[in-house]
Amino acid sequence: MRHQLNTEIGTLLDKVRASTPLIHHITNYVTVNDCANMTLAIGASPVMADSIHEVRDMVSIASALVINTGTLNEATVASMLAAAKQANAKGIPLVLDPVGAGATPYRTETVRQLLQQARFSVIRGNLSEIRVLAGLDEQTRGVDATAVFDTNSQQQEMQAFIENTARKLNTTLAVTGAIDIVSDGRRICFIKNGRPEMARVTGTGCMCSSLVGAFLPMAESPFIAAVAAVACMGTAGEIAYGNLLPQEGNASYRNRIIDAVYNLTAAQIAEQARLK
Amino acid sequence: MRHQLNTEIGTLLDKVRASTPLIHHITNYVTVNDCANMTLAIGASPVMADSIHEVRDMVSIASALVINTGTLNEATVASMLAAAKQANAKGIPLVLDPVGAGATPYRTETVRQLLQQARFSVIRGNLSEIRVLAGLDEQTRGVDATAVFDTNSQQQEMQAFIENTARKLNTTLAVTGAIDIVSDGRRICFIKNGRPEMARVTGTGCMCSSLVGAFLPMAESPFIAAVAAVACMGTAGEIAYGNLLPQEGNASYRNRIIDAVYNLTAAQIAEQARLK
Amino acid sequence: MRHQLNTEIGTLLDKVRASTPLIHHITNYVTVNDCANMTLAIGASPVMADSIHEVRDMVSIASALVINTGTLNEATVASMLAAAKQANAKGIPLVLDPVGAGATPYRTETVRQLLQQARFSVIRGNLSEIRVLAGLDEQTRGVDATAVFDTNSQQQEMQAFIENTARKLNTTLAVTGAIDIVSDGRRICFIKNGRPEMARVTGTGCMCSSLVGAFLPMAESPFIAAVAAVACMGTAGEIAYGNLLPQEGNASYRNRIIDAVYNLTAAQIAEQARLK
């Protein structure tokens, strides 16, 4: 247990609830409703807008912007690029959820453009997506080949890979999956919360990225914001799992996860987050 | 209590259930699923369609059209304008939910165009959105400045403002928030139902607009339809709140609100609506 | 009871769970989240992508493609056509859910183009949609007029109509509604599961089409896949209805249907499916 960090994320949760920051999302149409309710559950306020005619204006009145590449098209990619640049210009913290990077050349290319044209406070993805981002960087800057490792056994290699990639991309990485790791290239934190059943609910990753967005405006650093978001999501996943009734499955689990974030207290998250 | 109005909205609910009107929505992709299930819950039938190639045809077979500006783009704005004009031409009742009017110039301008090119039976929004609409009208027609008032104390000023705005916009306004007010510029009704926790569920406003759409085809006047919708939403919010279990939060609350509308009876709404 | 078919669909469910096929959807934004969670509930993996810049790549790595015309626009229609042709070229099974065919000329024309340019393994729709498809075929090929019959009394005519239409369209039809019928033009199966209340939940048809997509990659034939999907949906509808609490309605029913599929076992589906 890292007592100071645990206390910090509890305090941060209270700050979000006291200030209700507006979190602008340019996101996919699959999990967008869950992201909106999750943003409300943590105590922030969501707004979704993706037209090129308004994203610059919308991000300018927001406290953070979450860009999620779950369902892309020409119009929304242009809006993502414009909004990301505007966020950077205005000093508004920016989150990237590179959903499906590597699955198609279009997604990979879109993520490459986003990384080239904007600086992200936090990038949250699964290990496979983060590997693609690391590879992009290598292609672009000619650095050494992407580390390959087994997620279960080679924790040291994974740790080094994530720290290096965070430094290369000049961001804070939140890599979520079997193990959750946050690193800004200098500090690293393993978050041992969550349940494997969360993978059977669509959008748990997207919702976690919304939480990162909600924490960023109040956080001392993107690192703290990302640790808080991942810990909240994992803790809520555990609480919600405990609340499931025998005949319930992934649809009820989705609702119970959002409900658990809604009811999460600063004391609870400080107590139950397993940070290492 | 306004006994006659209470009885009328109960009767109207039964009429909707008996006739299952088709309610065409051009709406946002955030809360669209909740709007569809809410439309089914009240006993109507939803259809969502936003392509310029079909909105005129779709609205022509519908009993009402709900236009919601929650997520706009060039294509859907063109469809909104075309469908709204077709609805007017065919005498099909039309609802506007001007989500985010005032938040960006694009939204404000879109709402201005909609108001210029079509006549809406009911406009449902929060006070801030309705103020923007009133301002538009002033800019456009050079009338006196928007009234400014404190929503809690200055109820008389608010009442006058809403009645005046309804007359100026030649519509029925349903202003929802801490207090819910419906006025067609001639009559006014305060609806004292609902729970503050409804603001922590995304889409309660959008769902209320869907209810307005469902009530309009069977209602004697847009005023009755709007009162019925706001009263149903508020009453359902109270019932659903009472059904929440200790560990439940905003995601379960959303489901329980829709469930409460599904199970709402004419007697219940006539009895529990607090109209003044 | 058709004991062999019952056993086969139980076995098929286990195969889906063991192999987690990737199911690409080009679908509407109303029920997309439910389709994603339903795909996860049955044990498959969903991916939604509709940009012309990536649908060919995405379908090429998928095990099946589900095309749903619930919310169409120029961009997604082009993507549907491109992805469908690519699926055919790669031998990837293809499902069509012709939502709203007949409601507007645009929908009907889009479905006509899809049928002309691609061959679908399974088409799942309600009787009204399938009639429109049969009519298209007649217009195109100059065959005799669409059979007209009463769904309740004239079961023989309906059976003949569905078998003939399946043969003419060279596909397997899954017609769902008051009675569920699957036919590949040679075999026919009546599935007597489900509850009328399922019609008050938006997207039960769309979710059923997602299940067809999930079963197709592992199934011996499209006929078995369609029977399995319709039987799972109907059985889950019955189980979920039994799990509803007194104050629950269509929103909770939606969740409980997905939950029931999540918890459905091979033995349960083999036992409870009423196939004839």
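Residue numbering begins at 1 within each chain, and the chains themselves are lettered A, B and C in the order written.
Methods note: contacts are C-beta pairs under 8 Å (C-beta built on N, C-alpha and C of every residue); 3 or more make two chains touch, one makes a residue touch a chain.
As the structure is a computational prediction, the values presented were derived from the model and not from experiment.
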Equivalent interface positions on chain B and chain C, same or different at half: different
Fitting chain A to chain B on CA atoms, where both chains share a sequence, rotation angle to nearest 5 degrees: 120
Computed distance of Cα centres, chain C from chain B, in Å: 34
Per-residue multi-chain contacts in chain C, two or more chains: 29, 33, 254-255
Residues on chain B engaged by chain C in the complex (per definition of touch): 29, 32-33, 36-37, 40-41, 46-51, 53-54, 57-58, 61, 75, 239, 243, 254-263
In the complex with chain A, residue positions of chain B that touch it: 28-31, 33-34, 70-74, 100, 103-107, 200-203, 247-252, 254-255
